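Quick heads-up: structures coming right below.
Heads up, the next two complexes both have chain A, just with different partners, chain B and then chain C.
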Partner chain A sequence: MNLAEGVQIVSFGILAALMIAAALGVVLFEKIVYSAFLLGGVFISISGLYILLNADFVAAAQILIYVGAVNVLILFAIMLVNKEEVFKPISGRWIRKAATALVCVGLFALLSTMVLATPWNLAAPITAPESTLILIGKHFFSDYLLPFELASVLLLMAMIGAIIIARRDFIPDIEAASSDQPLQTVWRLPERPRELTPTQGSSNQRK
Partner chain B sequence: MDFSSNIATQLNAGAILPEGIVVVTILLVLICDLIVGKSSARWLPYVAIAGLLASVAALWLKWDATESLAFLQGFNGDDLSIAFRGIVALSATVTILMSVRYVEQSGTSLAEFIAILLAATLGGMFLSGANDLVMIFVALETLSISSYLLTGYTKRDPRSNEAALKYLLIGAASSAIFLYGVSLLYGLSGGQTNLDAIATALANGDGGESLGLAIALVFAIAGISFKISAVPFHQWTPDVYEGSPTPVVAFLSVGSKAAGFALAIRLLVTAFGAVSEEWHFIFTALAILSMILGNVVALAQTSMKRMLAYSSIGQAGFVMIGFIAGTDAGYSSMIFYLLIYLFMNLGAFTCVILFSLQTGTDQISDYSGLYQKDPLLTLALSICLLSLGGIPPFAGFFGKIYLFWSGWQAGLYGLVLLGLVTSVVSIYYYIRVVKMMVVKEPQEMSETVENYPEVRWSLPGMRPLQVGIVVSLVATTLAGILSNPLFTFANNSVINSPVLQSAKLTQPIAKAGISETSDRPIVQ
Partner chain C sequence: MNSGIDLQGTFIESLTDMGISPGLAKTMWIPLPMTLVIIGATVGVLVVVWLERKISAAAQQRIGPEFAGPLGVLQPVADGLKLVFKEDIVPTKSDPILFTLGPILVVIPVFLSYLIIPFGQNLVITDLNVGIFIWISLSSIAPIGLLMSGYASNNKYSLLGGLRAAAQAISYEIPLALAVLAVVMMSNSLSTIDIVEQQSGYGILSWNIWRQPVGLLIFWIAALAECERLPFDLPEAEEELVAGYQTEYTGMKFGLFYIGSYVNLVLSSLVFAILYLGGWDFPIPLDRLASWLGTSEDTAWLQVVTASLGIIMTILKTYFLIFIAILMRWTVPRVRIDQLLDLGWKFLLPVALVNLLLTAALKLTFPMAFGG
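Let's turn to the complex of A and B:
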């Protein structure tokens, strides 16, 4: 083992430990702000793993998008909706927690068995490309051209959808509605809601 | 320089002309709405319909194209994909017809609704032809994200919010699971994303029967089953169907489902050809559960939308019989049934929309005595429901016969018998509605129907609704009697698709290989 490999293994160990610790913190902390900040830690550790895999562009994109945009957005949302709410502890909550833990451990065991048992089709060691940017660009404009272009339509639609959900509703003009149809100011499904069952009724009253 | 010229000759970009037309239509709708303003709502739906019909025509021209692979094998425009893309585009067309009045009545803006619906259509069409894992995932997400947006489109209604949130959360989880399975496939094949390359790599390497492939298969099927709402993955369906705007429900139950089936055929037959025994087994279980649960729970529903939601789960179970059969007849019976299902289900939804626009309710008990007030609506809804149930002269009967016949030919006796029994159950709840509308004496009329206003077809947006009802009525009635062209179309689309034909050739070999080594456990 030469020096480079040693450094790689050590940094992998550090990054993995950091990531697992941060991820556990995201799940286990009671305060949601801590979870949000630790989520940023998870993203940064992941980008470190990408660098170890020679994927420098992906690592940069990971930090820019996930830490810079997604995580900051999550923090904004938390800060804006920072409503103190005390929830009543549900009786028998530990049963749910235990069941969740059981499912998670089982899934983890299954997936790790799979990783170890599967004969992975590993090709010869890949030499690092000169520049990953050029490689990615070539893929984007050759065999992944169509997904790349379709992603633009997807983003356009996501943007329009976000605007629709977030914007203020317009009040319909009187003259547009006056001619034949009754004035509509409902913004609801035309169907009436069902008669509410007692549980839903009580939750409505609490509001 | 030579990179670009090399690529340009291999793109064969003409294969996605129909999708290109849809993209242009989206942009046209958005820009016209931006420039002209609210008054454009009068003619924008017709622009969208014209675009979709032009796309269908372009699909027709691509029929039997000599070079079906495009974008360096990233997209496969073979006849199978053309059939499914046509189904998705047609379902969007009929959905727009029924949505004009509904969206206006709910006070939301029409242009964005149409644009998002077209984007969902685009995703569905690309999904039907995608031949590459990345392409599959991006197309699937285009379809899904547009569907989430449509589900929550009436944002002032808490039911719609609830439906959108549920659909988003469950959908995101299922996308993640699907992505995990697909990434395993990428790893097992040694870094291939193309479906054909994956199939060859799996056949050559020794990852063919490993635990990894089994998990990849299960995860991929989980993602697909969410799209077609097969039973263990159906929990979102009733709530989402109840809370979403009804035209969206109609599109989800036909267009989105058809795209899911196209994905199932292409992904499972090509990439998972090595484990075809296993996925046949899983899909048999899914089909049994869907048929039983969908049809039995539909019996107990009091809301029309919920009943149609559960019945669409049951119908997906019937379609899966053709998929499990795995023969030419099986696949073509799927396409044939989906084509017919398009018209009869969308017809039923159009009638439900008209009724709820007139009365503001969709309770089944409120339909009683409707015959006295609105004969056209009663006739159309009765015929669509009877056809969904599979009553003889209508199209649904022939579709079901074909499905069951192909299943019987393939030796799926138990499944076909179960299908027959559950379709008898389904006839009961469909007929209940018909009986409610037709048989009741005038004095038994429900209060809602007594106050039923006369239908004014001259109101803006009502004419497309009428056209939608009449078109689906005619199609449902005549497609059964004059079904030969449709049969030929479905058969040809299967026979001319190299994907399914090569799968059929390799399947006996694969089966022989499995039976030889069947005593060896799957886990190595």
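Let's turn to the complex of A and C:
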């Protein structure tokens, strides 16, 4: 074992320990903000594992997409609805917790037997490709063309859905109402005018 | 054109000659450029802080710092020392762990991004295959640190500032990445070395500034927004949010934010210089100059001159861009948050997409000029 292999094994150990610890933290912390931040830690450790597997582009994409976009969006959602709320203790909550733990242990056992039962082909020598980028590109446009295109269509659907949801209430019967106004621009999605929400100013008026 | 000075190769070779195994020699080499770059980045920050004070003074018809050292050059050092010795206050009812972790998470990715900044043919810490992409993905970690510090401060201004910072960073990441993608498409590689090499050959005429005029503007606007420089410094807008996510911070934790923002500015200018201004290239092609002078490219003194000229050119271009950024800070008013998001999503994003498509079309039509 030379120096490079030793460094690889040690960093694998550190990354794996970090990842498992952070993942347990995500599940076990009561405070949801901690879970969200630790989720970022899990994603970064996974990208470290990708680097150890010579998948440099996937590692960078993992950080960009999961840490930089998904995790930030989760945090946004948490912080925008950051309402201090005391939950009522539910009687017999331990049954739910025990059932969850049982399902998780079962899944873990299933996956472990799969890992142990599969005959891994470890004998083949592994050579790092010169450019992972070119390899990924070639796969995308040959044997993985259909999944690639389907994923892009899926993303497009998600985007259109998000835009529709983000617009305020969609009024389906706008056609009948606007038939006598032919000058209305065609390019706008029909939406209800925003009502002025009463703020703290209204409480002053009551006095 | 490809040889140049290979310090790493020479260092490893000389160590192996002394009887040390090549692996160990390489390990001994690794920390050297890293410390050099960290020191360089820190000194760069001191210079930028001094420049900022002097240029702002000139813009407001003041003199600026002048007593600490000649022309006040030691003023940033004094500032830094003050921050180091200041009491570190953690506000009550804040979250002490996240409060400490926030600034650290903001600073580390910025310094890590210096991995891929080349100052010459072989003067780079690592020439990664994914090169410039690493910079984009690392800079997307910073918003998490900002959100963290904004949340942990237990202060409404901090939380609002953190949310604004993250929203701004996410919105401007996309036009930034698309502008970079157009350059990458022309040079057929993500590696920063290849991007600079693709621009060399005809001196100033072959720089990307002529081939990517739109991409350059998009990149500059988006980079300023990512650095939270003045036309876009909404996360810390004094009049609205006290100081945004930095409100509750003092001492060295505030210092980390301060260093991080300036290192990020230097880094963005360096990347701009690499992507559009030909990196370490001299405005006149040096190898042709050498052939006119009748010296071979492999002459030792010529290589030393070329390498030092390369470093000087990179730094000159970078500081020219920093000068523009500082001048903009002291002359341009701040935009509103809705204007900022409108500009990012409704203007820069479509323009960047069109720019990308145009670059692809031009590349197919004129493979000679746009990298075949």
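We take it that the second predicted complex is superposed on the first by the 167 of 207 C-alpha atoms of A that agree within 3 Å, B and C clash if a C-alpha of one lies under 4 Å from a C-alpha of the other, contacts with A are read in each partner's own complex, and residues count from 1 in each chain.
Everything below uses one rule, namely that contacts are C-beta pairs under 8 Å (C-beta built on N, C-alpha and C of every residue); 3 or more make two chains touch, one makes a residue touch a chain.
These numbers were taken from a predicted model, which means no experiment stands behind them.
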item: Touching partner for A:132 - first (chain B), second (chain C), both, neither; value: second
item: Partner chain in contact with A:75 - chain B first, chain C second, else both or neither; value: second
item: Partner chain in contact with A:144 - chain B first, chain C second, else both or neither; value: first
item: Touching partner for A:93 - first (chain B), second (chain C), both, neither; value: neither
item: Which superposed partner A:161 touches (first chain B, second chain C, both, neither); value: first
item: Chain B versus chain C as contact partner of A:67, first or second or both or neither; value: second
item: Partner, of chain C and chain B, that touches more residues belonging to chain A; value: B
item: Partner chain in contact with A:119 - chain B first, chain C second, else both or neither; value: first
item: Overlap of chain C and chain B interfaces on chain A (superposed complexes); value: none
item: Residues of chain C touching chain A in the complex; value: 23-24, 27, 98, 128-130, 133-134, 136-138, 140-141, 143-144, 147-148, 151, 159, 162-163, 166-167, 170, 173, 190
item: For the chain A and chain C complex, residues of the former touching the latter; value: 2-4, 33, 37, 40, 44, 56-57, 60-61, 63-64, 67-69, 71-72, 75-76, 79-80, 82, 131-133
item: Residue ranges of chain A in contact with chain B within the complex; value: 110-111, 113-115, 117-123, 138, 141-147, 150-151, 153-154, 156-158, 160-161, 164-165, 169-170, 172-173, 176, 180-181, 184-194
item: Interface residues, chain B side, partner chain A - complex; value: 3-4, 7, 11, 16, 23, 26, 30, 38, 70-75, 102, 104-109, 112, 115-116, 119, 122-123, 126, 132, 134-135, 137-139, 141-142, 145-146, 148-149, 152-157, 159-160, 187-191, 194, 201, 205-207, 210-213, 215, 242-243, 245-246, 303, 305, 356-357, 360-362, 458-460, 523-524
